[in-house]
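Same chain, two partners: chain A is paired with chain B first, then with chain C.
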Partner chain A sequence: MTAVPAETGLKASSERGRLARARLLRGLLPALSLVLVLLAIAWLNPRAISYFGFSLMLNLAIPIALATIAQMFVIAGNELDLSIGTFVGFVGCVTATWLKDAPLVGVLILLGSICVYALLGALIYLRNLPSIVVTLGMSFVWQGLAILILPKPGGKAPDWLLSLMAFKPPFIPFPIIAALLIAAVVHFGLMRTSYGVILRGSGGNAAALSRAGWSLLKTKVMLFALAGLFGVLSGMALIGITTSADANIGNGYTLLAIAGVILGGGEFVGGRISPIGAVIGALTLALAASPLLTFMHIPPDWQVAANGAILIIVLAARVLISRRER
Partner chain B sequence: MKKILVLSALAAMLASGDALADTSDKKIAFSNNYAGNSWRQAMLNSYAIVTKKAVADGVVAAADIFTTADKEVPTQAAQVQNLILQGYDAIVINAASPDALNGAIKQACDAGIVVVSFDGIVTEPCAYRVVVDFKDMGRQEVEQMAKFHPEGGNLLEIRGLAGTSIDGTIHAGILEGVAAHPKFKIVGSVTGDWDQTTAQKAVATILPSLPEIVGVVDQGGDGYGAAQAFAAAGKPRPTIIMGNRQDELQWWKEQKDKDGYQTWSASIAPGVSSLAFWVAQQVLDGRTDVPHDLLVPYLAFTQDTFEAELPNIPKGGVASHEYTQEDAIAAIKANIK
Partner chain C sequence: MPEAGTEIIRLDGAEKHFGAANIDIIRLDGAEKHFGAVRALAGVDFHVGAGECVGLVGHNGAGKSTLMHMVAGTLMPDSGRIAVRGHVEDNYSVPRAQQLGIRCVFQELSLCPNLSVAENTRINHTTLRGFGWRRKAADLIAAKLDEIFPGHSISASDIASDLSIGRRQMIEVARAFTVTQDPLELVILDEPTSSLDAHTAGQLLAFVRRFVAGGKSCILISHVLGEVLGNADRIVVMRDGNVVASDAAKAFDRDRLVTTMGGAEAREKIAAKIATQKPETGPLRVRARPARQEDGNELVAHAGEIIGLAGLAGHGQTDLLLAIFAAAARTKTGIEVTAPVALVAGDRQSDGIFPQWSIAQNIGIRSLKRLRNRLLISPQREAELATFWQRKIGIRTPDMNNNIFSLSGGNQQKALFARALGSDAEIVLMDDPMRGVDIGTKLEVYDLLREEAGRGRTFLWYTTETEELDNCHNVYVFKNGRIVANLTRDELTEEKIIQSSFGDAA
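Entry: the complex of A and B
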């Protein structure tokens, strides 16, 4: 941060005002990019802006939003989870097999996998290991387990999950309600409760926290357990939509989730995260990557490159604005 | 409104025997999950050639190609949902997963969209599946072998990628053929992964332990490697069934020019994408008798036909065939029982 000039109070207050404006802009940016992408879609394909259209375009954004929230908890503690994608795939395979055929076993496996996540947090803290290495290793473990459970694509989602994900509330499409709900719950838990402050503080200033008597081990375990919990929710939501699983189904989520957090106003270090931003970021990514691209009618040879270009443009806008803050 | 539509469709049916409804205002999308190898490139190319002409001729209003950026299932599921929103009348799809796309496919069907899958097929019952008759291809390999070697003999089998349905089906066909021609005996089996180098290594390893081989039955992509392995081991050259790859046919031509070497070649044509397009067009045309599972023939070349095809195949590529509307009608007819 720049030093505030001390000579004149007027100058200081204008400096403060500028910073506040930049912060506000930063907070609004995720929402702004979402609106921009929506406007582009509306212009390209007006019939997509309807109850039916939003249900279709956004329902696959829900598992991405949940995976993004999972990643956000890990990033809040200055760590990175490279296994969230394959973990979502693993959960998907469990959901499509055990959870349907033997619900009790399925629930136990899923709870067990959340415990594994919590233990990973403990391991990373106690042995002071780089989380990137540990989670990269775990990504192969989850993938291997997923293939073990479901050697070839198949299985079926439990009926209650299917009907939940196909729920059609009046007026507002289900994915929008789900996104609002996820954002509100996590925002309240992490930004409005005192333990939420501690959790974010473990990423912001760990030394101060531990001097104040808080257990950093506990916060790390808590953050990873929450990541596991939201990973499980993401996998279940995904299978509720696709109806059937595939061991490789979640692989793309790892990078999408990281990009979602960053797009949503989070930072890799410092415990600076925003749950609402993360959900909006996930929705923006889901919309920009697929519907926008499909509606633009780009020649097939260029589609793959265009997908990358859209992501870079969306992320670059954020970088431009956050620089003005400094 | 619906009644009027049905009535007008009926009227059109009565007026003209063959073409039922008009598809000139219909839009067909192609959802593809991967474009990163020569077979897929040939597949896209065949599709583009056929559909461009169909659009120019006014058979359909549009036929757009959409390729996903990664091989992921959720990306393609999202893509299918977007195609629904785009208002396409039919979706031709080469799917990333036989089961995991069923949710999106069902949504498409519910929206009244015709879905035709091929190569990477989908199991959702409402979709159509264009499947190549691999079993017959395997059986035919032994039939052809019996023509070249009426006296019978020992065969070496080269299998494809383990665990895939294609490998299993071709293998079953070969076993069926051997059962019909008991003079032949499979004395060895190796895994070639449809790849020249893998096949060459595998064949070279097993060759010393084998008795004299009269023929090699394989799955395509592995014939040239097998030929190299036999040559390197100094063994007599057997009859190797080819798989329509450029290097295989090139080797065949060299051998034929030298001493009249005879064999047979077969594989799935990447152009089967264009057949799937015409099947979608036929369903849009109002045909209600199209079976949901269509078994279509593979592409085969004989001693007399392969040389004419050779110049058309790009180096490192595979022979393809652009199917016509008549081909699709014939294929549908052959599948109506």
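Entry: the complex of A and C
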């Protein structure tokens, strides 16, 4: 009789081993797609695989990674942020004007915009509004504000920001170090700390969380505030690279950020997200977006369409692997 | 009884212990609750003493869940008062209840599917934080699982969604008994065994007895009356938002309980009826061999038969049902299906119900071909089908066009039965469909199944409740994905099933 539970246990653990393997495979998929893109680049243009090449190719990856992390926080709570792109543009305009000319005002505006994000979270929770609608509306607000601040392209990034983004560490290109740092910090905060569990749990089973005595208002506000914070960092990083701003500079980031999260192994609902995956997803997209296509001699007119095609292929591969998990 | 309220002494501060044994852990006086026009509780008096296991029974909708939500602090009564250990609690809430050592395992599973077992434990303990909290949480839950369910084979790092529904229930129960900073006085177990097989259910109930013997208290809600009769010290019966009886468990037997609960009459001798009804062997409907079967055992079902699938939970019964379901659409080796098939899902929230749809739409979805008028679905025919089954199966609702969630759990399940029985399916597969359904509904559905079987329909019925197997003509016992025994009606006993479930695979 005593041997019996052990035997059923064996069966259960092999079953779970299968599931764990499938999850590992899914977890490796973002890294795998990044390696594929890198191999393609190496094959097309071996000289690109160098310190200088990476610094150049991955330059724009930092703001994309930060915007992706911002989107990931929102997705962790089963919401979607359609305003992150224009928000990044708005932050860029503030950075290139106020933050340089009147740093205190600039900082206050940026802090205020994070508060607006937090309030949006509260509004969405309290009034039970669909986040897609609220953030779609907000995207026009941010865009309008950006145009008010900077009607035509211009402005200049603060010097300290320029020198930070131009930092050249030895051996490893700066974008790679920055990506590792972002991934490590967010992974620790969201996946390892005890409050990170609560934040993710609010996406997994909100009712269970409130029954255990946690405030869902607080988790929602927290997730949106974090999204705002990383949106601000993304906008600042972007201006540090481009040196001047444009009201439309971040518009493409909304979809890139969503795609980055999903590519990185996240799911739209259920609180299933992966910060490390999201950063890798952002890097993959940044590389696939323009360097790869340029090396493939695809004319710029076709690059946007080719970009979309790459997205579909990679996401389709993810779905195939997720299905094996079932 | 009302005088009891005046005895409650209002005290502030840290006073305690005066004749502690006589003070109730919790006492509700005149608790009333309305949801819109519906009166869920009509002034209920309820109390639990220290070292007492109170069994709470009643049909779905009798007010048990509402009452328990109040005890747990998730709902506030409209009027009446709550006292814990003699103190009147004016601002009773979930955090307050937890501080006072009152926990609840809710009927709907409340784990976060995206989190690991240890992380799910953390959610219930605010003090599991800071450096090393993951280790502490993992040790805490693992130790409790070992204590309640020896040989459970659950690891603290497993992600909840990877585990079977039975294992998830085990974790939830174990989690409620874990202790960090707050004391543990009273645990409410709402249908704790609904997804557990007989073996683990036994482990849990034995633990509950040990827990109560240690001076703690427990409220046990179960539709399996035998569990309540065998484990509770006192039984409280609810009906229509009132407490209709409260007496020592010894004073009740099954018949008295069922009569007190009202509604359906006690019917013990289904078995005899089935035996006399044993049909002529009709044409073959299903012949299926589980994928992992190595010997010649196979499941055979003819027209008019009710076939039971038994054994420990998660040993391949559901897999076989799903394989048969798939084989009806596309030929599969080892499985022969000769008639249309319908499936009544067990996990009705995730596999059964279309949450945004009305009751009528939920019933009609399996019969769209018949409801179609050229290219469109005829609302009239849909309504006819729904009304017919509303009457036949007794779905309690003022309007079949209401959203499916306006129904209680038992009535939702009836709608799913109506979906299967209202279709053209001659074979109905049932994946433990009676989970958490009250006995009144069950008896009604059993009758219907027998009637439909009499008309030549075939039922394949996986159930975790041994009592339900009494309705079957033939029972196949599963172990490790294989059929290990085939028992006829006359050979069927609980011992035999357990013996086959644990015995060596043939």
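Operating definition for what follows: the second predicted complex is superposed on the first by the 306 of 326 C-alpha atoms of A that agree within 3 Å, B and C clash if a C-alpha of one lies under 4 Å from a C-alpha of the other, contacts with A are read in each partner's own complex, and residues count from 1 in each chain.
Going forward, a contact is a pair of C-beta atoms (placed from the backbone, for glycine too) under 8 Å apart; a residue touches a chain by one contact, two chains touch by 3 or more.
Computed from a prediction, not measured in an experiment: that's the story for all the values here.
Q: Please work out whether A:L104 is in contact with chain B alone, chain C alone, both, or neither, and reply first, second, both or neither.
A: A:L104 sits against neither chain B nor chain C.
Q: Which of the two partners, first being chain B and second being chain C, lies in contact with A:I198: first, second, both, or neither?
A: second
Q: Name the contact category of A:G213: first (chain B only), second (chain C only), both, or neither.
A: In the superposition, A:G213 contacts chain C only.
Q: Applying the touch criterion given at the start, work out whether A:L19 contacts chain B, chain C, both or neither, answering first, second, both or neither.
A: second
Q: Have a look at where A:L320 lands relative to chain B and chain C in the superposition and call it first, second, both or neither.
A: It touches nothing on chain B or chain C.
Q: Once the shared chain is lined up, is A:R272 touching chain B (first), chain C (second), both, or neither of them?
A: second
Q: Which positions of chain B touch chain A when the two form their complex?
A: 32, 35, 44, 48, 64-75, 77-79, 81-87, 96-104, 106-107, 163
Q: Help me check something: in the complex, which residues belonging to chain A touch chain B?
A: 45, 47-48, 52-53, 56-57, 59-60, 63-64, 151-155, 238, 241-246, 248-253, 286, 289-291, 294-295, 297, 300, 303-304, 307-308
Q: What does chain C use to touch chain A in their complex?
A: 72, 74, 93-95, 98, 104, 106, 108, 110-115, 119-120, 122-124, 126, 128-130, 133-134, 150-153, 155, 158-159, 162-163, 167, 312, 314-315, 480, 502
Q: Spell out the residues on chain A that touch chain C in their complex, using ranges where they run on.
A: Counting only chain A, the residues touching chain C are 1, 4-9, 11-13, 16, 19-20, 23, 192, 194-195, 197-198, 200-201, 203-205, 207-214, 270-272.
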